[in-house]
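Chain nomenclature is as follows: A, B, C, D, E, F, G and H, assigned in order of appearance, with residue numbering initiated at 1 for each chain independently.
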Amino acid sequence: MTEPAPHLADYATLDLQRVDRRGYPEAVYCEGKTAEQVAGIAAAVRSRPDAVTLFTRAGPEHAKAIQQELPEARYDLEARLLAWPADPPEPSGGLVVVVSAGTSDLPVAREALLTASYLGRPTELVVDVGVAGLHRVLGQRQQIDEADVVVVVAGMDGALASVIGGIAACPAIGVPTSVGYGSARGGETALQSMLCSCADGLSVVGIDDGLGAGSVAARIARRAAG
Amino acid sequence: MTEPAPHLADYATLDLQRVDRRGYPEAVYCEGKTAEQVAGIAAAVRSRPDAVTLFTRAGPEHAKAIQQELPEARYDLEARLLAWPADPPEPSGGLVVVVSAGTSDLPVAREALLTASYLGRPTELVVDVGVAGLHRVLGQRQQIDEADVVVVVAGMDGALASVIGGIAACPAIGVPTSVGYGSARGGETALQSMLCSCADGLSVVGIDDGLGAGSVAARIARRAAG
Amino acid sequence: MTEPAPHLADYATLDLQRVDRRGYPEAVYCEGKTAEQVAGIAAAVRSRPDAVTLFTRAGPEHAKAIQQELPEARYDLEARLLAWPADPPEPSGGLVVVVSAGTSDLPVAREALLTASYLGRPTELVVDVGVAGLHRVLGQRQQIDEADVVVVVAGMDGALASVIGGIAACPAIGVPTSVGYGSARGGETALQSMLCSCADGLSVVGIDDGLGAGSVAARIARRAAG
Amino acid sequence: MTEPAPHLADYATLDLQRVDRRGYPEAVYCEGKTAEQVAGIAAAVRSRPDAVTLFTRAGPEHAKAIQQELPEARYDLEARLLAWPADPPEPSGGLVVVVSAGTSDLPVAREALLTASYLGRPTELVVDVGVAGLHRVLGQRQQIDEADVVVVVAGMDGALASVIGGIAACPAIGVPTSVGYGSARGGETALQSMLCSCADGLSVVGIDDGLGAGSVAARIARRAAG
Amino acid sequence: MTEPAPHLADYATLDLQRVDRRGYPEAVYCEGKTAEQVAGIAAAVRSRPDAVTLFTRAGPEHAKAIQQELPEARYDLEARLLAWPADPPEPSGGLVVVVSAGTSDLPVAREALLTASYLGRPTELVVDVGVAGLHRVLGQRQQIDEADVVVVVAGMDGALASVIGGIAACPAIGVPTSVGYGSARGGETALQSMLCSCADGLSVVGIDDGLGAGSVAARIARRAAG
Amino acid sequence: MTEPAPHLADYATLDLQRVDRRGYPEAVYCEGKTAEQVAGIAAAVRSRPDAVTLFTRAGPEHAKAIQQELPEARYDLEARLLAWPADPPEPSGGLVVVVSAGTSDLPVAREALLTASYLGRPTELVVDVGVAGLHRVLGQRQQIDEADVVVVVAGMDGALASVIGGIAACPAIGVPTSVGYGSARGGETALQSMLCSCADGLSVVGIDDGLGAGSVAARIARRAAG
Amino acid sequence: MTEPAPHLADYATLDLQRVDRRGYPEAVYCEGKTAEQVAGIAAAVRSRPDAVTLFTRAGPEHAKAIQQELPEARYDLEARLLAWPADPPEPSGGLVVVVSAGTSDLPVAREALLTASYLGRPTELVVDVGVAGLHRVLGQRQQIDEADVVVVVAGMDGALASVIGGIAACPAIGVPTSVGYGSARGGETALQSMLCSCADGLSVVGIDDGLGAGSVAARIARRAAG
Amino acid sequence: MTEPAPHLADYATLDLQRVDRRGYPEAVYCEGKTAEQVAGIAAAVRSRPDAVTLFTRAGPEHAKAIQQELPEARYDLEARLLAWPADPPEPSGGLVVVVSAGTSDLPVAREALLTASYLGRPTELVVDVGVAGLHRVLGQRQQIDEADVVVVVAGMDGALASVIGGIAACPAIGVPTSVGYGSARGGETALQSMLCSCADGLSVVGIDDGLGAGSVAARIARRAAG
């Protein structure tokens, strides 16, 4: 016997008033939701084009289901992020610089970058500057000096956060990634390493949490006098 | 045979130019250093009264040794923090509100508060507002709304960070404490709990790291337009 | 050479007298059993329609094998639970309210709900009330006040259990789920967080153990004077 | 220079209205608080003799400080619990039976017992019934059958909770203790063992959390029809 | 360009003299070896039919490759064990009783049983006797009394090892299995639980190590006077 | 007000019939018991001189209290073991050889040795044969060949158990010790290392559990045909 | 809409000057990079045939993409290593001996061997010498004596590193592998075991890090006087 | 009754021929040995003044006992190391540079330095160069370039090892220290961080293992052509 299609209220309680209350977009975490469920949510937010909705950790199946409800939504395959409406707001506030330690950290770095961008900040991306080649880090010194907040995305030993945290004068946010094998322990090593860094001005978000980092960075930079 | 008194260069490389380069005070971590060593450092910083030096995790023995070199230094017994010169600079920038979940979290909360204060920010302290009594949290709503950055100090389940992170519109910094027994696992539970909170705008520093939290908060609030 | 079909006694010792002794149904945990094995068990319980048998963690293969022996059995795909006979007993005792923090926690929440229901209690389900949106939690206040026992199903930081445990006057049971990534550590963070919650009246079952939670809740509510 | 005595509001926010709102006593966790701080709290609750206040994890120093403010308070040295007023309320509701696996588990068992007792339930204590001597467990069968809720306090392998959970028809609450060495890992083994027990009707509180267990048991038994 | 077939000496150093030296068969662990590699080893042992060779953790691909070299080898699909020559030696020495807690523990239990059998001991298997149904355990009392060594195979809380260890007068060997989810933590909970059991006469082998348990049991029973 | 002396029944349930039922002595674990409690137990066993009672993990305070009740009891300071009556039974059964990796492992090795001895087996002790000096191990080859069961006591990497397990033809029992620092992790490394050793015939007891090892060894050797 | 092909600068910052600065080849870690990305890197290094580039952890898809850009590159399937140019330099410096504990450790052992070889050292491989068969280890004594540095590759208990570290007079490097199941814990046991070995002259690299071991060995041997 | 003084053979098997066989001194690990035991060993080595004996982790009590037997032995209080004969051999081989991240890492750094020195190498010490002040690290560039092997001693995030490993052309050895609190987790974070560093040429010894690091460094440098 076929079960009837579930109603949105059976699995989700949307919070469309949040935009008004908080001035921030809604983020819908797709992993662990069925394609049918995210489609239901996509249909529900269609009535609020004045606010940005971000669908995060969206695999191809999720993306397809969402884009059937919101055809103009933009899907960034690498960041696994889907945004609707497609265009980020006009940038305002301080500059968010996202620094990525290695090529494999890029998906998380882009998630942070796009999140900050859709929250309305100007952003820049610096790629593949590992600590083992210190001159590459030091070569990016100027961009770090211009930043109002720096997001450092790194797996393995996470040492880049300590090094950049020591250089930067603005607040820095570390994002440990699950990149690496063996002793990297799924990001736990980078996480703990960042947490006990001596660099002051450094705080940390969860493993692979590009969304969180972008969100914190956007809040900090919104308040930056520049 | 008696060993001669060690020279400062044998155990520490001070960085007195850091103030000029970074505009921030030097923090000397006392735990694991002998009273003799911190006294040597205290003697060395005497020549730079224009900058603040914070001696953190200073036990009574450390405090005594430091105050023999810097008699005007102020010692906060609860925060185990010693500051010299004794008076914090004139407050400027945005407001830092430190919220403490329980009485036992106070030492860490005060370390954060004093650090932000010596870094030049206006600060306020809210004590003993646990999640189990939600009305107490909600009763502090106004102070949270006025903050430019909120520091949430909590041990045990660390749930206060999620709750306040969900209320606050400004950036929030979670400080897990090692308060609690058994499943609190020395702060690890509060730490991981904060790291996977759904509250956006929340980042985290290491367990019991009041110094780090105060330092991050001061940087963020310095840039706050208000 | 083909091995002969195994006999039930080669792999399982059923306990059909348990119903008489304890007044409770038998639960057959399917994960790790072959379809052939669960079919053998299904065939064996057919002789006891007076008692409810629950097949838990039953994948589609298990469900198919069971329904060939017990065609009238009901399969809840989301909870991965199969019940025979299909209809729960007439509800009696106190009210079990199951609260789910997020959409992804629904499978475990439904397992708890159905278990309590097949054990004979009246049940209600509240979905998607995360701590980050505190007003959503507070909006469910009335249902929580009417409950005789509350089951709180939450992954990530598990903070919902602390918040509801602090509100509820009845006993609360926390069910940590393996939902989440990185610092959620497969439910370990939610588990430890719930275990060191300050909310009194809160006890906890294992990660994703909807069956256990429903079973505990049904026992407590059976005894509730109402 | 001598610091002035701190005011209660500097370190604690009491919740004296909680009794009215919830019908439960206030529990003050002493570990991590100074003698001066608990004395301050003791002085503050003196105005509410109509409600029970429990001071838990109270060492001799705490006890002395509290009894100077509340001379009639009763101190149970083994449970490290101090109660004021000294006499528990007249017992009502169902019977709480506390079972202790070994002599070393007694402090936690007594904390659970006294908590349930001060919350108004009739209680009984069964001591030193380890699983390795199964006949000792089975010898207590009658008391377990008469209970409305059983609290099982056990360290090491925590197997007693599985065994009693399998025997009891009422809800059971497991309390892992930090008793044991090596592989007992401070109670973590007993905790995880209880959490994945197959016994239905068993839920768990944190390591050494006699207060929590007593509190849950009292709530469950209050509702027991008997 | 095609690489030439590797020689046995490139990847393995067989120890065919071990039988003479130790009187024990060779065990070849297949997991992590290619089908080609195990085939090479199978070809090499063909010259020693006087000794038993056990191929353990052999998947279907391994089995197929081995049986092409040793067609008479016997493959036990459940235990993933392949033995050559196919028939175990005539039983001698004391009785090995293998007790399995649940249906899902059977593969490991059978690996232990077959290993002891191919090492020349008489063996018996008891299935599905969980602690939650204590009467089922007690119902097997006679077989346990007749054993010269008992192997207890259990996942989840591993409590069966404590219970049987407390009953048995002969040595007992616990085998934790990776059966279970969540708090079972892949067998770690059962392992630690068995290690801190109070039952004397109990020792433990690694998680899922049926081979090790069978081997230890066979050694102990070989020496049993009966 | 002075509390009256507690009765034995308030904190312990002795099992004096165990000797009759099982033929084994009672072991009283002292750690975590007060001197008063062990004295009470000592007084109670005085009526059963026909059986051996072992008081384990007995500090000087415990020893003093026990010897006031049982003046002839023998106290082994290094093993922290107290036996009454003082003389072990006449040795019978197979030979138990205890091998200790380092000087610091001696307390645990002696606890195993004495336990096996008081359980009636002939015993020998081999000290300080670490794997890093392989010739020292090989120099003890003859004693290992004569053993009916070998107990290997080792901390750090625990590699001695693998090496001796590979040499010995009889069953071997590994006892990981908490000796070592840093990566030894309180014995956890030696434990896990022994558990995944490839040496067949090796089983393991808990960290520092000399009592358990001696008890298992005595059971195995009792049955040894010699 | 099709995204344009990404530019190398969007995901990687090559360091082709490193060869000049350091005299070492570039290693490109493929896991976590797309085939497209490694192809882009392969194209970029084509201009530097005077230096060796190693592509490590390269699956078949990576290999195919790289060989389209660098057709002469050599792919070692077992080590998952791709080298370009294909021929290692003329060997110079001291001898690197790689010892592998089991057949399943071979992929990591070959990665170490090839790395040292492409870095210009003479190398030898010893396979399948487990500690459980000590005579096999001792049979390789001569090769170990001739080595200038020994790399020991072992999973499970990692005891081979302790044994060989105790025999060798030259520096030894341990490489724990993730081979094994249960208590091997993905290589963590071998790692910790090697780290607390008593053998002097032993240092360790990360789990499965054949590249790191080969690189360290080559550096040490380059400096060896012979 | 007084026990007679134990004989050396009861607790230790010295290996005085090791010097001849291996050309290396004996290291006696004092922690966990009694003062009486180390005195016995000290008396035994007196007959071999041609070889160096190092007593490591020697507290004041150990030192006093040793110096009564070997009055000319030299005790380094900070490194807790006692050497006899007092003077290191004439330096030969390559230069060992020990770099210490912070003042609190000095005890371990000195243990490494003295070990290498007593093993006959020329040594240099660089103190207090943390990653957070990168210019301090870069200021030591010349010493690192002159080294034949670098030992990097660091706690907390251990990032200094990655940075120096990336700079140095010679082999580098990381020594994680247990310095730090909270997330430093007793050195585990620094350890894992170093193990997954991308710097090639870096290997690692156990937490706080200055002895091991000095020993490895001396072996490597002995072979250095310079």
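The definition used in the following text is that contacts are C-beta pairs under 8 Å (C-beta built on N, C-alpha and C of every residue); 3 or more make two chains touch, one makes a residue touch a chain.
Here the structure is a predicted model, which means the values were calculated and not measured.
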Item to complete: Over half of interface residue numbers shared between subunit G and subunit H means same, under half means different, so which is it?
Response: same
Worksheet item: Taking contacts as defined above, which has more of them, A-B or B-C?
Response: B-C
Worksheet item: In terms of contact pairs by residue number, which of A-B, E-G or B-C shares over half with G-H?
Response: A-B
Worksheet, complete the sentence: Farthest CA centroid from subunit G: chain D
Response to the item:
The distance between the C-alpha centres of subunit F and subunit H, rounded to whole Å, is 34
Response to the item:
Averaging C-alpha coordinates per chain, one finds the centres of subunit B and subunit G separated by a number of Å equal to 44
Worksheet item: If you look at subunit D, which of its residues touch at least two other chains?
Response: 133, 182-183, 191, 195-196, 200, 206-207, 209
Practice prompt. Spell out all pairs of chains that touch, sorted by label.
Written response: A-B, A-C, A-G, A-H, B-C, B-D, B-H, C-D, C-E, D-E, D-F, E-F, E-G, F-G, F-H, G-H
Worksheet item: Tell me, which parts of subunit H touch subunit F in their complex?
Response: 3, 9-13, 15, 18, 29, 31-33, 37, 57, 176, 178, 186-187, 191, 206-209
Worksheet item: Contact residues on subunit B for subunit D in the complex?
Response: 77, 102-104, 106, 127-129, 133, 136, 179, 181-184
Worksheet, complete the sentence: subunit A partner, complex, touching residues on subunit B are 22-24, 27, 94, 148, 169-171, 173, 191, 195-196, 200-207, 209, 211-213, 215-216, 219-220, 223-225
Worksheet item: What residues of subunit B sit close enough to touch subunit C in their complex?
Response: 130-134, 156-159, 162-163, 165-167, 180, 182-185, 188-190, 192-200
